[in-house]
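Look at the two complexes coming up: chain A is in both, with chain B in one and chain C in the other.
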Partner chain A sequence: MTISAERPVDVVAGAPSLPVSKVSWTQRPGWVSQHLGTAVVMGFLGYVFGHWLGNYIASGYTYVQNTGQNNIADTLALAFMVLGWLLGIGALNYPLLKIVGREPAEEEIPIKHWSRFFRFSLDHKVVGLQYVVGVLLFMFTGGLLAMAVRAELLSPTFHLFSADTYIKIVSEHGTVMMMMATSIIVGPLGNYFVPLMIGARRMAFPRIEAFSFWIFTAGYMVIFAALPYGGFPTGWTGYAPLQTQAGPGMIGYLLGFAVIGTGMIASGFNIGVTIINYRAPGLTWNRIPVFVWSILATASLLTLATPVLFVGGFLGLLDKTVQTAFYVNEHGGSAYLWQNLFWFFGHPEVYIMALPGFGIAGELLPVFTRKPLFAYKVSAAGMMGVALLSFFVWQHHLFQSGINPDMRPLFMLTTELISIPTGFIYLVGLGTMYKAKIRFRLPMMFVMALFFNFLIGGVTGVFLSDVPVNVTVHGGFFVLAHFHYTIMGGLLFAFMAGLYYWLPKMTGRMMNEKIGKWHFWTMFIFFNLTFFPMFFIGLLGQPRRVFEYASNLQGLNDFASISAFLLGVSFIIFAFNLAWSMWINPVKAPANPWDSLGLEWQTASPVPHDNFERIPVIMTDPYRYGEPDAPAFADLGVAVGSNSHEA
Partner chain B sequence: MSELTGSRISPEEREYELRAQIGSIWSGGRLFIGIYTFAIASLVFTYFYLRSTNSASLWRTPGETAPVAMGYAIWICTLLVAFLANYGRRRLRAGFAQDFVVAGWTATGVGLLGLFFQIYILTQVPFYPGANGYSSMFIGYSIFNIGTLVVMTYWIETTTVRAMRVRRELGGDKPELSKHEMAQLFRADVASMVYFQGFIAVAATLFLAMFYWM
Partner chain C sequence: MFWTAWAILSVVGDIVVWVFVGPHTPPGALTETAKSDQFDFNVLLMFAVPVLIGVWMWLAFAIRFWNVKRGGPDPVGGEAARNNKVAQVSWIGITSFVVLFLAGFGTWALVVDHGSGGGEGPNPVWSPAGAVKAETAAATGNSSWKVGEPLVVQVIAQQWRFTYRYPQFGGFESQQINIPAHTTIVFNVTSLDVIHDFWAYQLGVKADANPGINNVAYTETKGTGSFVVRCAELCGIWHGGMFNYGKVLSQSAFQNWASSTEAANAQNTKFLPAFSWTYYPSANGAGGGYYPAGNLTPYSPSETYGSATPAS
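After this line comes the complex of A and B, so read on.
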């Protein structure tokens, strides 16, 4: 069955596919319904109930009485808090009512009021904007912790924090940032734009999509709950046996990863299925926008790698609560088991973070160079190749942990192999820019910064995959600088590129270009001034996660710290620009401010509830820039120019 | 897309969206099996990792075994649920929709029984959870399997209720087998559910072998 370009004229009033029950009172707008407020109340009640239940069950256990530490109560308190939160927001209405065959209609009443952003919304555009706020909250809190870390490292001898507090701040910073980074592009931009870019009117599973966001926010609370519980001293990697020996704050880490992991699986599952099934007619696999390819590759990693993390965290929680011994060597377990499970997820996670960034770069380059994307198929193949290979490299994280030395060359080889498809993606970018008249608008500047930063991060990554180098610099600032260059230098710059590029579509308002350039230059310069010296600090022998260091490294550390503070200022400029452009002095965005051919820019602005008045028919390749006679990318079946944001 | 949103769609578009919905249920069901495969593979990896590492010579105390009768009872329940789901689907295809409902409710009961056994076995294990690798593994798998049995039972129960709802709302003769959108979506759900139940039955057999035969 196809929808031809020659549209039928008979149009019927759409009827829902399922005979629907009336929309439940819980979902209606107004105070007597479910929203953020009810979620907070239910989350609190869940916490109290879980704590009581845990004490009721386990307060008589010998180990609880001996240690005075009831991990079961702490775990159940946080678990029931998550459950209450989800119940309160309405995420569990549908699955619960389904048991009695009373599930409500899939449609929701489209609420125009701003309060829709505080509800369990089935509109992917609302979820996308909810994610924007969510990930920015994650990023700013994680960033504040980074400021604390750099403040401590201003002096090798004068301390702001104790050694114990310092490692807990470092651990919380790393974990929060990693959790945030897994969703920073897929969550806001993937959820908002994938349906628009593939010509779909909806997500395949809108409830799962909304669930992924609200459990993401629950994960944020759980991981921050680790701090009042005393924090955790393991860094973001949570290695046993330190994990086993740590206090109740470790529960926040383990449960937090399990909760966030559930959201990641849900998010990847929904987006992957949507891309496979909801592509508009004519949108064959070799016409899919490269950003969608990147999200598809990421979704496959999210759905397949994250269950391993979930199980790893689950086993760790059992060790902490019911006293199993999965990670306890002395009782038949193995601390290495955690490392294997963690990194089997952990290394694909690197690409969960990197691939969407490449996708944004690939999407934006043709727009700002006015050239077709160079070697489109190579780019798509590179992304899928990276996704596949990322499952075979995890043991390079264990080079120094006592694995069989005979295994090292194999994993060194697979790790080096992965640089080949990554290089493909890089060459696609360079090929597109070659001899192009580049328009240096803000999104493009961030894309170019991404290529610069990731080159440094990528090349040092190739060094690190080699066993001799790895053995030499392992656990030091060299590694720290490397992964900040790839994740922050790559992903965060890509996110900013995407945000500056797509916010006009999301909000109907342009970001201020002048303030944006201040943001860009301060972020780019001070990012490099912060992290580049860390390569030298690492080569000179400073280890990670230690708050004292050799006094001869103070100069470099002070330089990095002051640069880090100024990097923090760049984010304040960004926040100011956001407030200025969105609320204080909003400037209406043109319908297509970048002259993009992308389908997301062809639909009306603001985007209607159903995205497209008619399902579009894709006519040609997506990147036919610079071809005056090229046909339109899609036939929308309606008169073009119905944009209310037209300047 | 619906009366609520006020959109108007052509019959072609409705058909297109229906195909997409059915495809989503089909590929979503298979992807869900993929997710579960990786989760179960992690547990299998854990089992063999601890077994081969044998830290402190404490993989398993000689003669130590989890409760056998209860373990087999859980396994049989899991197999029965999968069998009944498959049987119900075959009868549904053959035009005996009522048989699907009966098989569905029976499977739901069996699933709940399995769930009861799975929780009860935790009170009967003859070892401390952290006594050794085997005991940890058994406790870990048992708790994980509570979740699996909940998912299995939930899916077949909601599919059965849905069959009844299809009949109630569409009316007529054998509405479950009609070309109505609701019926088509229902059948896609049944197919995905049956595959999942079969997959879990295979996984349960694997774990039975790991805990009782190896």
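After this line comes the complex of A and C, so read on.
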């Protein structure tokens, strides 16, 4: 590896700052431009147009006349709504102008106006903050649905909802949370911090990056459009033939996954290319921060696995609109096709929802232990190993489904093999803690909680992968508890660690530590009290997604429900802390509140539009804690305050 | 000291779990299959306990002793803090060994236990003795069951109930499932509409019910007892209400029940379609018309109920 300090270093003066009058009208502050409002209007117009078009095309079709249900109109309405939304926000300006042969306006102009957060912004820092709000909105709506689910399960016989409403709430909760979780770290923290951590001025494809956020929000609307369409009864897995049987709400699910999948592919592609090509001179592969490794592994999964989901959803839409039979056994299709397509995406997706969490844990540990990351190469190998293996395990979801049984030992083996690279993360974590001087600040507490929770999730995963044990636990609450322990206990705790750690850099304000501790302890305790009993509920025989259950399980279910409500309270505490620390009583954050050596903390605060005045030259590896005479991680070329290096 | 404490706690934990928890782990020991699945579960528990104890102890150690409040010298960075060959190699070696062992053990358990009660699809590869012969004979629709031979039970799932068909007893249908003790049971699981799952918890059996597909699962009963059957694959709004109870009867009691039910139902059974591994409720079942509305006359029975030949 050449440390290319000799490579020509791109020196750029401060970003060009044109007078507002020279800015393209689409980006100019004020109402006459493209912003959230025009997106809403265009989305609405697109919806109306699509609905009209669908009726115009298909109202004479036999099946439409027989059933009185025009799926083509519903599909086109939502599809044109997405298109209108993207047109309205300006996501398609550039390609459209290129298509008609015109040179698009120069867009490298920083507009320091609050309205940039409501626009199609090419600044990765703006997109990162937009994503913070987007995923939190997603998470809180999904969380409210979870409260409804647990409220219904308070009693086996007394019902708050009808069976129909209940199953639609369950399905919506699962789908919304899964969609949100694919982007919860990559979107906000990945977009914001990857360029800062690799010493880049911007993303490789800023338009694709901004597109990924705005289509993510469109996906949010499409999946919620399923509810006014009558909801869908299939859970987040959408199995055919129930999918074929379901009403028009299913279109919201299928199209929603296709739309959000497009955003996932775009986001993964952009971030992957950025990491590979936009690293600062000297930032060789064995020097990139471990968080960037995790985002690279995730980006490769997003790019390679999501197309399969897109195709799966698209085939389902064809089945529902133009009467193909991809998933209809009787007409020559196969319901197994959906199961295979879905899980071929679905299992890599599970790691899309785990790897960024490992990355945050690895990134934060050295800062709070004041030690170098233990076994750096093993952690990178672990993440890439998990990413690679995750493509070879999908049939473990189908152990009892009746597909070819002699594949079972193979998929049991691959699934259990994946616990070896996952174990690497524990080696790294526990090794870094060894004889350290841990500072239990909030981010570190969330990281410790991640190691505690994910262990339970991981160990129960081995139970699930074992075919004879899978006979008992498949399809029950055991599975449910397992994946909440990995996704919520791992990813969401990591996200919180990341927010408490990085929000000071993103916003210049510290999160309140005292309210944060309340948030942490309520979340940690009630998370465990909610989901740990669910292992027992599952082992005692309660299937997932049930409306009624055995009366002898009421005690455990009530315990889980009440804990779940208190877990909900912990999120209210978090929301309060956010409001308190950001707006009500903001406390200015120091330049480097955690004494981190990371590159993202070395640049100025707030981060200048071009991130670095000069492209930094990376001098050494990123975790040289505990070495008082170690060289600085990067040579920034200019003095940027007093925080350049601290051991 | 850490490792000694870990070793002691692990051994104690494993013994406690094996002795006090092991006998109560699911799915119990009503059948040989369930007993074998339970043994498998307990073996995994034996591995899980030391892992959990080890990591939790380490975290507790870190919180208690390796924190900034206790003061002490600053940690020293450098190569020694970054890598430790012994720790890395042994960690990777031990986890790899455990994982490969568990995969091997799981495969062994799966094979010797004839698929461990899981649905093996239309062409099972791990069958108990005599099962294939009994199944082939049952497909003709005119075999009969003798004590000691495998019993074939067809499970037909639909929204939202299970129907059980006994091909060796004239092909009668029942909403009730009874099976004999000390017998190999062959479950042929299929569905009429969407995907369901036949989960007989205490028998240690779980097999998806797919429309148009015959999913075969085996169990070997021991003594008498009762069990619950639930649907374990989301099948629509009344998924949670799709369950019923079954009994493992003594062989003579089962013989009596089955013969008398066969006789009592004879006048109805003759109207049922010929015994078949799969059924379609209507000739043009897809696309909404799942059930012919009351009147079957436009359809011939064979068209209505699909092929009479086994899928295998």
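To be clear about the criterion, the second predicted complex is superposed on the first by the 614 of 647 C-alpha atoms of A that agree within 3 Å, B and C clash if a C-alpha of one lies under 4 Å from a C-alpha of the other, contacts with A are read in each partner's own complex, and residues count from 1 in each chain.
The rule is short, and it goes like this: contacts are C-beta pairs under 8 Å (C-beta built on N, C-alpha and C of every residue); 3 or more make two chains touch, one makes a residue touch a chain.
In this text the structure is predicted, and so the values were computed from the model without any measurement.
**Q** Using the superposition on chain A described above, determine whether A:541 touches chain B (first), chain C (second), both, or neither.
**A** second
**Q** Quick check for you: in the superposed arrangement, does A:265 touch first (chain B), second (chain C), both or neither?
**A** Touch partner of A:265: chain B, not chain C.
**Q** On the A-aligned overlay, A:164 touches which partner chain: chain B = first, chain C = second, or both, or neither?
**A** A:164: touches chain C, not chain B.
**Q** Examine A:329 and indicate which partner it touches, taking first as chain B and second as chain C; both and neither are also allowed.
**A** Both partners, chain B and chain C.
**Q** According to the stated criteria, A:281 is in contact with first (chain B), second (chain C), both, or neither; which is it?
**A** First partner only.
**Q** After the superposition on A, what does A:431 contact: first (chain B), second (chain C), both or neither?
**A** Only chain C; A:431 stays clear of chain B.
**Q** Does the superposition put A:213 against chain B (first), chain C (second), both, or neither?
**A** A:213 contacts neither chain B nor chain C.
**Q** Taking the superposition as given, does A:448 touch the first partner, chain B, the second, chain C, both, or neither?
**A** A:448 sits against chain C, while chain B stays out of touch.
**Q** Looking at A:245 after the superposition, I want to know if it touches chain B, chain C, both of them or none. Which is it: first, second, both, neither?
**A** The second partner, chain C, only.
**Q** Going by the touch definition up top, name the partner, chain B or chain C, that contacts more of chain A.
**A** C
**Q** Which residues would you name on chain A as touching chain B in one complex and chain C in the other?
**A** In chain A, residues 323, 325, 328-331, 336 are touched by chain B and also by chain C.
**Q** Inside the complex, what are the residues of chain B that reach chain A?
**A** Contact set of chain B toward chain A: 1-5, 7-21, 23-24, 27-28, 31-32, 34-36, 38-39, 41-43, 45-46, 49-50, 53-56, 58-60, 128-137, 139-140, 143-144, 154, 157-158, 161-162, 164-165, 169, 181-182, 185.
**Q** What part of chain A is in contact with chain C in the complex they form?
**A** So the residues of chain A touching chain C come out as 63, 66-67, 163-164, 166-167, 233-235, 237, 239, 241-242, 244-245, 323, 325, 328-331, 335-336, 369-376, 378, 399-406, 408-409, 412-413, 416-417, 419-420, 423-424, 426-427, 430-431, 433-440, 448, 451-452, 455-456, 459, 462-463, 465-472, 474-476, 539-541, 543-550, 623-627, 630.
**Q** Which residues of chain C touch chain A in the complex?
**A** For this pair, the touching residues of chain C are 25-27, 36-37, 40-41, 44, 47-48, 51-52, 55-56, 58-59, 62-63, 66-68, 72, 74-78, 81-84, 87-88, 91-92, 95-96, 99-100, 102-103, 106-107, 109-110, 113, 115-126, 189, 193-195, 197, 199, 201, 204-208, 210-213, 215, 228, 230-241, 280, 284-288, 290.
**Q** Considering only the defined contacts, which chain A positions touch chain B in the complex?
**A** Going through chain A, the ones touching chain B are 1, 3, 7-8, 10-19, 23, 95, 98-101, 105, 107-110, 200-202, 204-205, 265, 269, 272-274, 276-278, 281, 303-305, 307-308, 310-312, 314-315, 318-319, 322-326, 328-334, 336-337, 340-341, 344, 608-610, 613-615.
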